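For reference, the structure is listed below as structure tokens.
Here the chain labels run A, B, C, D, E and F in written order, and each chain numbers its own residues starting at 1.
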Amino acid sequence: MVHIRIVTPIITKGVRDLADIDFLKRPDLEFSHVLLEAGPSSIENEFEHALAVPGVAARAIEAEKDGADALIVDCLGDPGVPAARELVRIPIIGPGEASMHMAAMMGHRFSIVTVVESVRPMLDNLATLYGVAGKMASLRVIDIPVLELEARLGEVQQKLAEQAVEAVEKDHADTIILGCTGFLGCASAISTTLKSKGLDVPVIDPIPAAVCMAEAFVRAGLSHSKHSYATPNIKPIAGYPF
Amino acid sequence: MVHIRIVTPIITKGVRDLADIDFLKRPDLEFSHVLLEAGPSSIENEFEHALAVPGVAARAIEAEKDGADALIVDCLGDPGVPAARELVRIPIIGPGEASMHMAAMMGHRFSIVTVVESVRPMLDNLATLYGVAGKMASLRVIDIPVLELEARLGEVQQKLAEQAVEAVEKDHADTIILGCTGFLGCASAISTTLKSKGLDVPVIDPIPAAVCMAEAFVRAGLSHSKHSYATPNIKPIAGYPF
Amino acid sequence: MVHIRIVTPIITKGVRDLADIDFLKRPDLEFSHVLLEAGPSSIENEFEHALAVPGVAARAIEAEKDGADALIVDCLGDPGVPAARELVRIPIIGPGEASMHMAAMMGHRFSIVTVVESVRPMLDNLATLYGVAGKMASLRVIDIPVLELEARLGEVQQKLAEQAVEAVEKDHADTIILGCTGFLGCASAISTTLKSKGLDVPVIDPIPAAVCMAEAFVRAGLSHSKHSYATPNIKPIAGYPF
Amino acid sequence: MVHIRIVTPIITKGVRDLADIDFLKRPDLEFSHVLLEAGPSSIENEFEHALAVPGVAARAIEAEKDGADALIVDCLGDPGVPAARELVRIPIIGPGEASMHMAAMMGHRFSIVTVVESVRPMLDNLATLYGVAGKMASLRVIDIPVLELEARLGEVQQKLAEQAVEAVEKDHADTIILGCTGFLGCASAISTTLKSKGLDVPVIDPIPAAVCMAEAFVRAGLSHSKHSYATPNIKPIAGYPF
Amino acid sequence: MVHIRIVTPIITKGVRDLADIDFLKRPDLEFSHVLLEAGPSSIENEFEHALAVPGVAARAIEAEKDGADALIVDCLGDPGVPAARELVRIPIIGPGEASMHMAAMMGHRFSIVTVVESVRPMLDNLATLYGVAGKMASLRVIDIPVLELEARLGEVQQKLAEQAVEAVEKDHADTIILGCTGFLGCASAISTTLKSKGLDVPVIDPIPAAVCMAEAFVRAGLSHSKHSYATPNIKPIAGYPF
Amino acid sequence: MVHIRIVTPIITKGVRDLADIDFLKRPDLEFSHVLLEAGPSSIENEFEHALAVPGVAARAIEAEKDGADALIVDCLGDPGVPAARELVRIPIIGPGEASMHMAAMMGHRFSIVTVVESVRPMLDNLATLYGVAGKMASLRVIDIPVLELEARLGEVQQKLAEQAVEAVEKDHADTIILGCTGFLGCASAISTTLKSKGLDVPVIDPIPAAVCMAEAFVRAGLSHSKHSYATPNIKPIAGYPF
């Protein structure tokens, strides 16, 4: 049995619970889910990204103690992934990293369709650090904030589909990454629109992709290199529960 | 049940059979294995690489017809992966591509330790095309040809370990990729040596890594983009069984 | 006397014969021409590209035996160029490689105008491997397949000219590469259109460019490095006449 | 009068106070200094880096309220610089960013000589994000932790000088960046050693460099782009004093 | 007192004098100004750029002899900056280099809005050599030659503002560099237009930026590396006053 | 008949005359040769490089007027090549550019073995601008100045051979470029040494390579793009004979 812990790195209750990912369960694959106690309401800029990191780091230690086999950080900006890797040995999977590398293996150029303009530098920078910036055709936004996604679902799906079509037709993308884990479940609607335009283009839903990548690392017996992600020496820390 | 077909893209019997990968079976994961009928004895240069491609393409069509869920091409040079993707919809996994992207997710810089100097340009070029050349610390060779690996196993493991240690200590690698699928099973011996030197560095064995990646794509319902890997129009072909 | 062999790496008779390149003859420069016996009808994707490679390799050995001073592979995708280099010492010239490097020496950014969308990844990848991707302004297509070029010549020239103008005006290209050797002879019509728009932009016809580059290597006494393109060791091969 | 606030992004008293930078005062340039209340003891990995960010963000808001003209974050890893820029309009100067861009303007290739191996990925990544990775000749370490620098000053200076000499002689560096703001004041000793070897190579001490860069931005009336570093919308935050 | 010499690297009297930069004076910062005796009328291509270099080199020697603390070359193409650095030890500041590095520190992607299309390769090449090409969103032109800027000031400001708006809205620029030192004083008009469109984007006026950067180098006691910019050995020179 | 003019961009008589290149004549290929009247004695840094440019530009105009079909600038630093292209329509060939692009077509990684350390930044920068920096394995020097090459020929050849061997064995070069046109004729001695070590590595002598490339451009009817290298408008120039 592989046990994957998912941490949604925000404090807002109701945007994600275990039931949302229930459909990914298999007889040998189970999930658990936590939010943060300290952190932001949603992550749409560097400041909110930073506020999530200490909480993710704490959740990583907890997940390893709880016997989880891997931890997924439920945000495309992958907040806290490097820090968490220093603190534990279990794989820490960022949906942004997993999606971009899967996209790089699936085609020639991918586009990310995401929420708001303010995440552009953050996601651009991640693509650069992950080494796949040369595989990114474009980043496009639907201009709807994270916390309004649920209430405006129809509009979200329509705009995602429109931007995905433009990414293929104008930017030469051959693969679409949904650029926010809050888009969970929207992939099939977008695929339908793409197909109706004759565009045979896969759509990566980052949470299912991250789950499969987490399982891949666990099954392969692989995790991040502790040579680069060395465990920090113990030194006094103020203001955080470490 | 996920069924993964493995094609060893050479004609040499005895270097690989299903029993070698038996240890990767799980209740919901099964394997089948084929060699090529037309092709090279081993793949150590661009010429032999090219001779394998039509055979791999044919094996891909066959695998899809046989109901396999994914095909792994059992060579780090990933021969025929792009061509095969054009012919089928099931994921075609190259161990080179899978290993390099996993390594990119596991650390900061990886090194490939491989058989002979003549594969350097080929593997360098793959890293460049996969977008992860900037993550490659070095490529090192043990100078033992593929078809001698089995007979000289002790020497192979010792030299792999030596080069892995040098890659970490001199080239700042934090992750090692075994640069030939013929090294299957050697990872643990190398890990032992690395650990004995105090080097906490993961070693990627490409076939188990590719299997887990293949399963990840199948479980996620994802495959390569048919937008870029479009099915070829039917035109006369001479000299090949297509 | 320099003798250049040209191999058109397809099986389709009639699309190219020696008479087409007769105008390039000089007192000290002669040509011979062959097609493939085994291979594709035309090359518009990775699969067809791969089917051409073994035949090109065989033609390279034959060319060297016949005393040719250089071999040109008559396709912008340069199929078989690396493999052939391993088998012989005479220069193997790819029109894609020759054109892109000449373009890089002629201006700041070049565009390739080619046949169909399905060759985009292949030509993008070649630019990357040749090291000149940063010099490529864009790749544009006229959406006419190779085997229809001859019958639709007027339309081909008009669309090539339109895309060339757009490449200059929208993509900041200063040099145009005709992206298929089947466009042989179209350069002057496109130049005329460009000039009529006030655009003083050279157009590279890849076969004449490759011929001149082949002659340059022969006259300079230079060929590819056998250090990287080492002659393969003799090992059993099945299904190919090597 | 230009007023520059310096935040040392750790909680350890005694490693830095206003007196250390007193020598940089001028009639029209004054300094103030703060530590963090919540944060790490020193910053030698991604985890400690992350723990410093919320505190730096708070200090940025405070600095702007206090009328400071610019804020310098006293660590070569530039923790919190992007987040702080979103919260204020005054220039936020990272010594890493300032030093690397100054080095890029001073020569052809720079090397960073820093404390411990564990900061390598962090500083490599910063060079990549700042766009100057191609200007970095090497990163070398002296293997002495931040909190031991003061007690082992002689050894620190000797090892810095040794690594600087090697960077020039082996890695073709022409400019040295001291890779930790804790090396404040060590530049002249290293310069002396370099000169004694006939190496006419400038040494950038990051804090004086950052001070001059901060003043440059203030005097030029320039600061970061609020288009990219947009002020976050107000949303609930838990566990932080924002 | 810091004394900055400005050399306007052309022979045309009247386009720049000391009064133009008078507003940048401070009690501890003074300026002097020279033109060239031999050189071009304006710099809009590689030929004119080259004609300015020997004159700039001579002015650099003169500036150092005159006791200037730094020399600014008053042209965005930075003519003569590398050559001058070999001849002197005082900082030689190119407004192109200073502006691009400041822009890289201010945001995610900058655009340059400049005079005429013929400077595109030159400025593109500078961005590449300075290491910040990856930070350049676009280069746009107003199609007005340098020597007409003064007479057509209203049109210049309007077109600069239009192109700046397009750079932000279409090319994702977050920072604008005025791409000619002849635009001195135009920044505020462009900022006003940008703000009226709701675009909170800084505009870098290269001469004030270069002045502040020159002062930064002088105050920090830093200059270019004489290891890379080594003083030339004395050898006969014909036709130049060296 | 193709007529190639060679300009040696220095004033030093005796280091090059027409007899040196006599061996490259063919019945349909003739040469003429000029030095500069104004310029440096040799080119070993940016300053001397700059002093050669106006003279090369004048020689380009003269060459075109004299009916030459192409001009070669006899220095690996390619001084004046961009400026000269703006002034004429005949191909202007830089031996550095021609050699690096030929090397890129001949192998996987080339090394340049040159005279003195002071040309490193210049040649590195050229490789970057030509787009082939990623193909450069290393740059090595023999530490003998240009004007001593002739008198120390034996030592020159020995040191070139030593550095070439090191480039292959330590830096993975597969092709050697002689990094100074003053090494004319040394290629065969170096090849002999390389072969005696079992290294099957071609050596590019830049002047013969440039001659063949010049002929290739002339025969192909191609030259630089006047779109990028537009003819400068006529404006007053002081101090130069234009």
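The definition used in the following text is that a contact is a pair of C-beta atoms (placed from the backbone, for glycine too) under 8 Å apart; a residue touches a chain by one contact, two chains touch by 3 or more.
These numbers were taken from a predicted model, which means no experiment stands behind them.
Trainee: Going through E-F, A-E or C-E one by one, find the pair whose contacts repeat those of A-D for over half of the pairs by residue number.
Mentor: E-F
Trainee: When B-D is set beside E-F, which has more C-beta pairs in contact?
Mentor: E-F
Trainee: For chain C and chain D, what's the span in angstrom between their mean Cα positions?
Mentor: Each chain's C-alpha centroid was found; their separation is 52 Å.
Trainee: Return the distance between the CA-based centres of chain D and chain F, expressed in whole Å.
Mentor: 43
Trainee: Rounded to the nearest whole Å, what is the centre-to-centre distance of chain B and chain C, using the mean of the C-alpha atoms as each centre?
Mentor: Their C-alpha centroids are separated by 31 Å.
Trainee: If you average the CA atoms of chain A and of chain B, how many Å lie between those two points?
Mentor: Roughly 27 Å separates the two chain centres.
Trainee: Mark out which residues of chain D touch at least two other chains, giving numbers and ranges.
Mentor: Residues 108, 120-121, 228-230 of chain D each touch two or more of the other chains.
Trainee: Show me the residue ranges of chain C that touch chain E in the complex, using the header's touch definition.
Mentor: Chain C reaches chain E through residues 108, 172.
Trainee: Given the complex with chain F, which residues does chain B contribute to the contact?
Mentor: 120-121, 124
Trainee: Which residues of chain B touch chain A once you look at their complex with the stated criterion?
Mentor: Interface residues on the chain B side: 26-28, 97-98, 101-102, 104-109, 130-135, 168, 174-175, 199-202, 204, 208-209, 211-213, 215-217, 219-230.
Trainee: What residues of chain C sit close enough to touch chain B in their complex?
Mentor: 11-12, 36-42, 44-51, 53-55, 57, 80, 82-83, 85-87, 118, 120-121, 125, 128-129, 145, 147, 228-230, 232-233, 235-240, 242
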